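Each chain gets a letter, A, B, C and D, in the order it is written, and its residues are counted from 1.
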Amino acid sequence: MHLVVRTLDFAGEITDPIHRYIRFSQAEKDVIDSAAFQRLRRIRQLAGAHLVYPSAQHSRFEHSLGAMHIAGLACESLLGKGYIDNAEVVEELRLAALLHDIGHGPFSHLFEEVLETRSGTSHEEMGRRIITKSEIADALGKNGYSADHISRLSFGQSRVHFLNEIISGGLSADIMDYLPRDSYFTGAEYGKIDYYRLISSYEVASGRLAINRSALNSLESMLISRYEMFKAVYFHKTVRSAEVMLLHSMINADEELGLTDTSLGNYLSITDEATLERLCALDNNNSGMAARLARDYRDRRLLKCVYEKLLHKRDRHKRMDRKALSTLEVEIAQAAGVDRSHVFADASRASSMPLTPSKSEMFSVLVTDKKGVREVPVSEIPLVDSIAGFFDMLRIYTTAESRQKVERSVKKVLGDQETMEMGAGRLHGGSNR
Amino acid sequence: MHLVVRTLDFAGEITDPIHRYIRFSQAEKDVIDSAAFQRLRRIRQLAGAHLVYPSAQHSRFEHSLGAMHIAGLACESLLGKGYIDNAEVVEELRLAALLHDIGHGPFSHLFEEVLETRSGTSHEEMGRRIITKSEIADALGKNGYSADHISRLSFGQSRVHFLNEIISGGLSADIMDYLPRDSYFTGAEYGKIDYYRLISSYEVASGRLAINRSALNSLESMLISRYEMFKAVYFHKTVRSAEVMLLHSMINADEELGLTDTSLGNYLSITDEATLERLCALDNNNSGMAARLARDYRDRRLLKCVYEKLLHKRDRHKRMDRKALSTLEVEIAQAAGVDRSHVFADASRASSMPLTPSKSEMFSVLVTDKKGVREVPVSEIPLVDSIAGFFDMLRIYTTAESRQKVERSVKKVLGDQETMEMGAGRLHGGSNR
Amino acid sequence: MHLVVRTLDFAGEITDPIHRYIRFSQAEKDVIDSAAFQRLRRIRQLAGAHLVYPSAQHSRFEHSLGAMHIAGLACESLLGKGYIDNAEVVEELRLAALLHDIGHGPFSHLFEEVLETRSGTSHEEMGRRIITKSEIADALGKNGYSADHISRLSFGQSRVHFLNEIISGGLSADIMDYLPRDSYFTGAEYGKIDYYRLISSYEVASGRLAINRSALNSLESMLISRYEMFKAVYFHKTVRSAEVMLLHSMINADEELGLTDTSLGNYLSITDEATLERLCALDNNNSGMAARLARDYRDRRLLKCVYEKLLHKRDRHKRMDRKALSTLEVEIAQAAGVDRSHVFADASRASSMPLTPSKSEMFSVLVTDKKGVREVPVSEIPLVDSIAGFFDMLRIYTTAESRQKVERSVKKVLGDQETMEMGAGRLHGGSNR
Amino acid sequence: MHLVVRTLDFAGEITDPIHRYIRFSQAEKDVIDSAAFQRLRRIRQLAGAHLVYPSAQHSRFEHSLGAMHIAGLACESLLGKGYIDNAEVVEELRLAALLHDIGHGPFSHLFEEVLETRSGTSHEEMGRRIITKSEIADALGKNGYSADHISRLSFGQSRVHFLNEIISGGLSADIMDYLPRDSYFTGAEYGKIDYYRLISSYEVASGRLAINRSALNSLESMLISRYEMFKAVYFHKTVRSAEVMLLHSMINADEELGLTDTSLGNYLSITDEATLERLCALDNNNSGMAARLARDYRDRRLLKCVYEKLLHKRDRHKRMDRKALSTLEVEIAQAAGVDRSHVFADASRASSMPLTPSKSEMFSVLVTDKKGVREVPVSEIPLVDSIAGFFDMLRIYTTAESRQKVERSVKKVLGDQETMEMGAGRLHGGSNR
């Protein structure tokens, strides 16, 4: 037995309920100690989910540390098999994982949609700027790492494809941290995954990340967990009600508050609660619904869902972007005879959803066994295929005072509600506050 | 708020890792204290699974206590809603749950198949006799309960149908105890279920057990858990190898040892280890394979699986009973030119499987909501439908020395192995010892 | 067996990682839905501990729900034994537990010390006013409960002494929720307690809460947990560094910001992050250290501990209040030749500590057994006695630039550091960030 | 950062609820696959504890794997710090840990006392013979390891002292596996320990195992856990009742059954259940109490405890060995006028206790910090000192029919029962079956 041990130059460690202890190096410590990174403590991992799962107060800060930790485990697995052969790559990958969410603004994915809608900028673009232009660049440089290089790794632009896949996607450190973490902090016990087995089954084939066939069970299980978390938390009807309120409040108020001012000075100062304070302090008269939505969110007076419909497979190609949803809102408001600011359309594939297809959907996985490598469509994993169809749903929310009118008119516009007894039932369940 | 509290006349409590504390009444204590019940400590819950999951040493004793506990919770839920209105029924149902496995012989379901094959007796029949004829009858009588009545409840023969369903079946105390328990003791983390929500959603409709629509998510999740436990544990290839050995050893040795002598005196004396000792002590010459299989089981020298095939939907109606499997064994042995005692056919629907359809398969569930009651086919729960097809698999095992011959010949008899890459892969996984 | 079941009129339930599901009645819902109560979501349970245990982001909101839940369990136990005989008392006690922390300001115990120092008001006094004067009074009245009565119960002023003890103190719903909750969210695994056994052992003797002797083990175990959490979290050297910064920042800035303006309008608007924003926005020149401490806290540039000393038993009577600590700070600063605003003295019995003796220290417990009732001094529980002495420690913190000077001079003022090798060591450990 | 990874030549892995996955090498596999090792599956870790904690059915087999796993982690820590520098030592130490309990007979420590009493042989002596003379020697030799060397390591006879300490003692792989394992399987939630921190703090000083001062908290916590497990499980009054029965049955029957025949052929054939079967099958007339005790144990009709007394510190030097206890039994029986076979004396320091001082008591620990190494008496760890005194207790058990007589007379012989209210209370608690 050949047994060589890693020599760790760790500078410290942090207690974490998910991974027990997370160790960090000096370079990592310097990044973590920057104000730009500390700010992640003030951006919740699950924007509005704590209004339904009160203890889901965890932040991007812990998740980022966890992703770094998992990336480190992934590297150990790949080092052991010879796919990586030097410590530099390990440190770079850990730093990239640590920084993969550094570009998030207040309320994470919600602000991302505001940013895209209002300024055409993505959170990745902001991330790149923060890594290369803030004190984080100094922290990296001081320790001998290139901010540009780390930034490319963080946002999927490395030419070594499998490294990108360790950072984000269906087999990534990202998903392997957020599923158990979101499960732990919400109390929705669906997110238990066996990341140990998945990671120790990592292979590289044709430059891409693969898993050994023996881990297919664990992959199936993780995909089911993700599905259950989607239903119970990420796309929970009431969670989305809260989030739709924040989203519209920010979009409406942006002109006045300049939230999407993409200068680093501004961007790094707007965290969840600071933004909410500013939205709540808006003058009622000028800001239209923005102030009201923010205060109602703060005091938990939520919009009501008056309609939900499962989209047919044939409709799936039409992704409901913000513009399409807006058009629909106007149409429904007119039919109901209410102000259009009282109708809110939400789709499971909206970009403010944490798990939309463009980001982390996995369509196939490379599987290795004694005979070689094979690309297995995810749809061949039996349970996973049947899951797919349940991710496509449209919902209409409205204010308390417009409820009756909108409830009546929405069917005219959208047709009868699907009689998807089970499907509907399944998305209602869980905690009812 | 009307708040009346139960007055508990509990005689004591037991520490249990699954339910924390299990309380019991005097009547229950008297049953538990009987030698016939204490004997369940010596019958493992998962006959041979501990050869793959070493810590799965838990017994029918703990499971029986757990089932009683869950039955008690079920009663509280039904009392609260007025479906039950007196404490007698609660105690009867708890006693019935406590005794639902009292008829199990050594190695549980394995002996059941031996019993059926050799004497045409079921474990329920044995259970009835133990409850009504052993000291357990005295314990019940002393406390004012009818052994006949409890026995009927234990084995699904109450005229009040929903009471039977609390004891066994897809929504029962039985499944809600064994899934988390088997998960805990194997270490296969798939069996976490939310029995609290299921039970608190219990309703009764047309005399049958129903659940409120709000618990459909939890039901779906429990059915997925059961599927994952089936793959990872109950029908794990190596677990079944061990169990097939025990099964055949007992069948072969029964003539000589009289294991299936159904007198209570004999039946109550044969526990797992006592039976194994007797099988191992057999004379090699007379007992054919029986002694060898037992000793190989004891020392963990297991049969090898040389073939597995997923049965087509169209073949499902042909349930592979012991006789059909025997015929197949003979055919394969002849083709391979080996002694027929070296070929072992096993099917996922064999009666020695813990979870065969005849016992606990659930085809539909009554669901209530504001609008009324509706019978929902389980197949409408999306993930569950796709699960169903993966329960039908046939495997051929053989001894080390016959391995090559049987491996070659089996394809001639059974056709090419299914190229169910995923299906097959999925049943291989898990722990590899 | 007499078995009557409670009829629950529950209006809903909330998912909680500690208690799984927390049910609530209509009256409780109305209280929870008030803005004054929702505000607790924005006051962290452990003010600055998340700078050491990043995931300790949980809030007073979840803890309040949990305390209500435990109070409900306590009532069930007492109802079962006849010490309570009507449902009104149960609802009142649950409401009182729900509201026991409603008077907390930003950063919980820290603001309490600010409040006491600057305005002589306690958080209980604020709590009373919020319960009786805010919309919470309406919510209670609407449901037929007296705000005055609930308020008395919440803050230990009921004439029925054992009811007060269920709300706060060594056997209370408060401690039984916060220990496991703080443990869960910090990841410091010391706070597991067996509240089930403690609560089911509840008795009432001479109007006071007692426990049955069979639960002494569980009590001992809970007291040990509390001790371990104290060391690992509540009085962790770095946690207190962060908290001392907040404390002094608020005290210094109060004149300018009017934080301790005790009008309800102001009090209900200042939450953790809102207060931090205001502190960070202060003008450097006018606010002295206040702005600097707040920004350093926000970006995690913490004060350094240059001294710690275990107080002798004989010194314990001199409780180090804010005034005594201030005097000490001046003395040390003078000896060091640094500005007095750079020296910070902290004692384990300061009122900004969550667990100071005045609040929840327990000196004896009533124990019942077959022979009767007996008052057992806590010091008779062997491990507990030896714990007591380790709660008394004094620490000196200072800024980075004054570190060397203060480090040198502090010994002159305070004498040599205790050579309590173990004691000191024990308070150093744990997570090192 | 220098990061070299271990190249693992692992042959497989086993699912384990405590350590998730336990990997093993080919050499380890060959040892595990031997019949002599497989036999450990049939020797329960906690002989009779399952009569009080029903799910405590776990065996020496799982514990041995777990100890090997922990020994491996210990080696990684020591390799990283340069105290070990080659893979051979790692494999040897893992093998030694795997085999440290191989010499145990039926009911573990109980048989050890029988063995010592009747034949003067220790379980270590039997272990040495099994390792060097059974097929295990072949398995080791085949893989290039010396059975003699491994055997010395297994039983504390290596000249490299710190290696012995990794196998057994207060900081060993043994204790770090059994505490959490016994806790998990009993359901008594006291045995949670932070072995990660302890192991990663390992140092070697003067050839002995030391820990870094930063782990003193974790050590204190582990020692408290051990104390709580001792009270709740190992020395639980009813657990010991069951074990005293087995002990006396075996001692009485040994003449007839030859249990302590130390030929390997016999020794390797007697497991828990096989031995119990033989004891129960004894002829009542010849075997005196042996058959009765065994059957009563099997059916859980336990001896009654009529007396317990905490020994004074001054009496501690007189260790109550089997002979002293026998003398006491005779004395009490005479005073009571009952047959001496009806009186059973048990002491917490009897050699049939799993945790007696001679085996694993730790009196001091080497602690390193920046200043150097220091030997810290365990008694300086505050809680630990107060624990020590509670390990010394004497109990008298008797049969149901002699209960009254013995209860009356025992006080004459032993003086009044200690009025150690708390002490006594504390050892009564826990599960009451």
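Heads up, the rule we're going with is that a residue touches a chain if its C-beta (ideal position, glycine included) is under 8 Å from a C-beta of that chain, and two chains touch if they have at least 3 such contacts.
Remember, it's a predicted structure, so these values are computed and weren't measured experimentally.
Student: Hey, which chain ends up farthest from chain A, C-alpha centres compared?
Tutor: Of all the other chains, the one whose centre lies farthest from chain A is D.
Student: So chain C and chain D: same face meeting same face, with over half the numbers shared, or different?
Tutor: same
Student: Please work out the Cα centroid separation of chain A and chain D, and write it as a whole number of Å.
Tutor: 49
Student: Whole-Å distance, chain A centre to chain B centre, using C-alpha means?
Tutor: 41
Student: Averaging only over C-alpha atoms, locate the centres of chain A and chain C and give their separation in whole Å.
Tutor: The answer is 34 Å.
Student: Residue numbers in chain D touching 2 or more other chains?
Tutor: Correct list: 20, 430, 432.
Student: Along chain D, where are the residues that touch chain B in the complex?
Tutor: Listed in rising order, the residues are 12-17, 20, 33, 35, 38, 41-42, 50, 52-55, 57-59, 61-62, 65, 184-188, 271-274, 277, 298-300, 430-433.
Student: List the residues on chain A that touch chain D in their complex, please.
Tutor: Its residues touching chain D are 1-9, 20-21, 25, 27, 76, 79-80, 86-87, 90-91, 196-197.
Student: Where on chain A is chain B touching in the complex?
Tutor: That would be residues 189-190, 192, 194, 213-218, 220-221, 224, 227-228, 231-232, 367, 369, 374, 376, 380-383, 385-387, 389-390, 421-423, 425-426, 428-430, 432 of chain A.
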